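Shared between the two complexes below is chain A, which pairs with chain B and chain C, respectively.
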Partner chain A sequence: MKVLRVILACWWLNLKNLSRSAFFLLTAVMAPVLLSTIAFYMFQAGGRPGTLLYAALGSAVYGIWSSTLFGSGGAIQWQRWGGTLELLVASPAPFVFAVAGFTLATATLGIYSLVATLAWGTLLFDVPLDLAHPALFVAAIPVTVLSLGLLGLVLASTFVLYRNANALSNMLEYAVLLATGMLVPLSLLPGWVTPIAWVLAPTWGIRAIRDAALGGDPVFAIAMALALAGVYLALGAALIANLERLARQRGTLSLA
Partner chain B sequence: MNTFRVLTIGGLLAYRALFNWIHPAIYIPSVLGFPMFQILFFAYLGRFSGLRDDAFFVTGNAIQAAGMAGIYASVFTIGNDRFYGTLGPLLASPASRAALFTGRALPIVANGLFVSAFGFVVGWAFLDFEPPLGSLLPLALVILVSAFATTAFGMLLGSIGLRTKDILLISNLAYFLMWLFCGVNVPLDTLPGWMQIVGEGLPVTHAVAAARELIDGAALGSVWRLVAAEAGIGAGYLIAAFALFRVFEREARRHATLETT
Partner chain C sequence: MFGVLGPNGAGKTTMIKVFTTLLLPTSGAARVLGLDVVANTGEVRRKIGFVFGGDRGLYGRISGLDNLRFFAELYDVPVREQRRRIESLLELVGLRGRERERVEGYSRGMRQRLHIARGLLHDPPVVFLDEPTLGVDPVGARELREVITGLAAAGKTVLLTTHYMFEADALCDRIAVIAGGRIVAEGTPQELKAGVREARVIEIEVFGDAEEPAAAMRTLNGVRAVTVTTHDQAQLITAETEPNAELTPALLAQVDGAAVGRVAVREITLEDAYVSLVREA
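Moving on to the complex of A and B:
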């Protein structure tokens, strides 16, 4: 119960904090909306107009991914710059749950992307929003946010050891967009990409949302996203514990 | 002589300071990694959409990659001087403003040329892209002109950054819009009329069109109008950027707002 309270408090704090950043909000909305617009025009000009909802959903999940990636890069660094990192680590609550709350908040902000992209597609491009399984669609969204948020926890605990994490996150943005089938089906990519895609939450998130919207069986993808979320939490906890141990031993918590 | 020194040494120092880009840990993922995956992503999206072949997307995105380098580097070159507090002493110095401005632009143009060339190599190595050998030299000229035009456009945004806090947001918007309006991934003639008109006034548009014709086997002589249009657009943005920079400099002196707005 206490764990849940820590996660919720940090989630809510970071959500309010990021919601006051015009840069973060506009970027979270602007990038997926523009990507979806390009995809709409490409599919229309390429004679695949039936794939517009497919493109809208893919761009929306890209928005969640983009927010998560950007926020994860800063999740620990921003606390360091704000002078609150030492207090968080020194408090009796396990640090990993605080970081999980922060990264879940950045993934939650991606819901702005989802709403904006679907609204943009419906209003300007007449994308039909006929959902095959509305209840499962509604269930798939928080599961996707949860799994991406916890992937963010793993990224945050890795990025903090790397001084130039923002540069790395720039590169990962399109690499993961391509490799997880958000807009391009995995079957078009080289075979060696598929196993990589399986361990990345956006693969199952987009599959769950897309199957729920367009028809298919989203239950398996939802289950996979939840299972991956559990793996990410365990991995993130181990990485954060290691980070804490190293920082205490070397006295480098505020220096890295 | 002093002006030449400001232009060359000042420009190189500003470039070295830029993002620490000389450091491979930042340069490789940001300046090379991002465009590499951008090119691969749009080429595969192009295959899925059935719109055009790989060459269309490699050419568009490789030329636009120079735009990324040009816009962000220019914006940050001017912005960093302000952020780190060196803009005040710089503007208090008697150095020629034209030399300061041009000196900062030249390494960025060279960098844009390199990034774009890297993008074409990525296309050749990983995708179905085989440009004719004879097109390479004219293509290099087109990339150079495009890198100049996008750097000038970036300088204009950087000058605007003297008066706004949200210049990074504006730069992101400008960069993303170039994907859409400049015919990089969607043929210009399939876009609505107003978008075509906007695209005609932006850098990259004419260079992408010229590069695609060259790769299809056209001679440089047959695309000179497009290259001249790109160069003209770049010159226009450069003049506007310099004029705006001087206006904002004067305003900042008059109202003592150089570091407060």
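Moving on to the complex of A and C:
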């Protein structure tokens, strides 16, 4: 109960805080809209019917991923700059759940991207929004947000200790976009990419959402995304506990 | 209320960060209410409040009220009590009526008062205040000092660091002076002042160069120390002399030709005691 209160408090605070940041909102909406525009033209040029929704959904999940990646690192870095990181660490609330609340909020804000991308595609490119399994589509979205948010927790843990971890996280944006099949089907990529894709939540998130929308069996992908969320939580908790102790040893919590 | 004084880099903030569990000590041990800050981190965190000076440490895009609600959740303040506790703290720090405004629009003094309210949300028995009036205007600082005095009156143990000697003198029951990471003196403000060798202090306000006459004053018999500080257009030469030596005419002779303002002979202050202790350390 206490843990849930901490997660909810941090989730709500970050959601409110970032929703008032024009910079964050613009980035969350504009980046996937631009990517989807390129994707729509590419898929249109391919001339295969029925692929526009495929592209739209890929761009939408990319938006959630981009928001999570950008916001999760920021969740720690901005707090370090703002002097609130020390307050979080020194509070009796378990730090890992506080960070989880913050990163889940950034993933939740990715829903702005999803809505913007689908609206953009429907209004300008006549993307049909005929969903094969509407209920499972609705279920797949929060599961994707949860799994990406907890992947964000793992990424955020590195920011607790390393002030320049964003150099690594920025690099991950397009690598994950390609490796998880958001834009290009995994079957077209070299075989060695597949095991990497399996351990990344966006792979299962996009598969669940696409299967629910275009027809298929999204239940397995939803289950995989949930299982990965559990693994990320355990990994993130272990990393954060370790890196928080190191940061307290090295005195890097307040350094901007 | 216990004060910690010391020059920049003496280790005041480091010490507070060890007590507040933000830094792990490289050696030795630190205890709060008998609890080891490393072994009993969780319990220590529940029993302490802390406020660092400056205007960082708040969420600017949300209101003061939302900031307090958020930290009340982190400190596990029961939902039923949150409203009453927050209202009484807003009253205490004088932010009633402004709590729904975004913090980014608050003045530095208001932010500092919000910090104090935040640090007291869970009603901790021990409060650490690290330069709480830093950068706050004189009126705001006076109001903050009244709030701090109220904390001690409410039975809380307060550890305060400050660079303002009059503040430490007025607020603290006991004071420790630290330099180079070590306590060089400890006692009540009166004891610290009495601990400084008996002396006379003569202040001469000079408009123009004060370093040359100050150097000449240091060579006079009976003069122990001379310092020069700048106050707007004027330089203040503070000379500490033997208690029985009447050196005012001799000191004034050194500033002959310069425009001299106020000349005063005064009692030893806590600042004199502090300067003397830190210089000897």
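Everything that follows uses one rule, which is that the second predicted complex is superposed on the first by the 249 of 256 C-alpha atoms of A that agree within 3 Å, B and C clash if a C-alpha of one lies under 4 Å from a C-alpha of the other, contacts with A are read in each partner's own complex, and residues count from 1 in each chain.
One rule holds in what follows: a contact is a pair of C-beta atoms (placed from the backbone, for glycine too) under 8 Å apart; a residue touches a chain by one contact, two chains touch by 3 or more.
The shown structure was predicted, so the numbers you read here are calculated from the model rather than taken from an experiment.
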**Item:** Which of chain B and chain C A:Leu87 touches, first, second, both or neither
**Value:** second
**Request:** Check whether A:Ala60 is in contact with chain B, with chain C, with both or with neither, and answer first, second, both or neither.
**Result:** neither
**Message:** According to the stated criteria, A:Leu104 is in contact with first (chain B), second (chain C), both, or neither; which is it?
**Reply:** neither
**Request:** Would you check which partner chain A:Leu26 touches, where first means chain B only, second means chain C only, and both and neither mean what they say?
**Result:** first
**Asked** Thinking of the overlay built on chain A, is A:Arg248 touched by chain B (first), by chain C (second), by both, or by neither?
**Response** second
**Complete:** Both partners, chain B and chain C, contact chain A at residues none
**Asked** Touching chain A in the complex: which residues of chain B?
**Response** 23, 25-26, 29-30, 33-34, 36-38, 40-41, 44-52, 166, 168-169, 172-173, 176-177, 179-180, 185-187, 190-191
**Asked** Of all residues in chain C, which touch chain A in the complex?
**Response** 17, 20-24, 42, 45-46, 50, 52, 54, 56-62, 66, 70-71, 73-76, 118
**Item:** chain C contact footprint on chain A (complex, rising order)
**Value:** 2, 5-6, 8-10, 13, 16-17, 20-21, 82-84, 86-93, 98, 245, 248-249, 251, 253-254
**Of all residues in chain A, those that touch chain B in their complex** = 22-23, 26-27, 30-31, 34, 37-39, 41-48, 51, 163-164, 167-168, 170-171, 173-175, 177-178, 183-185, 188-189
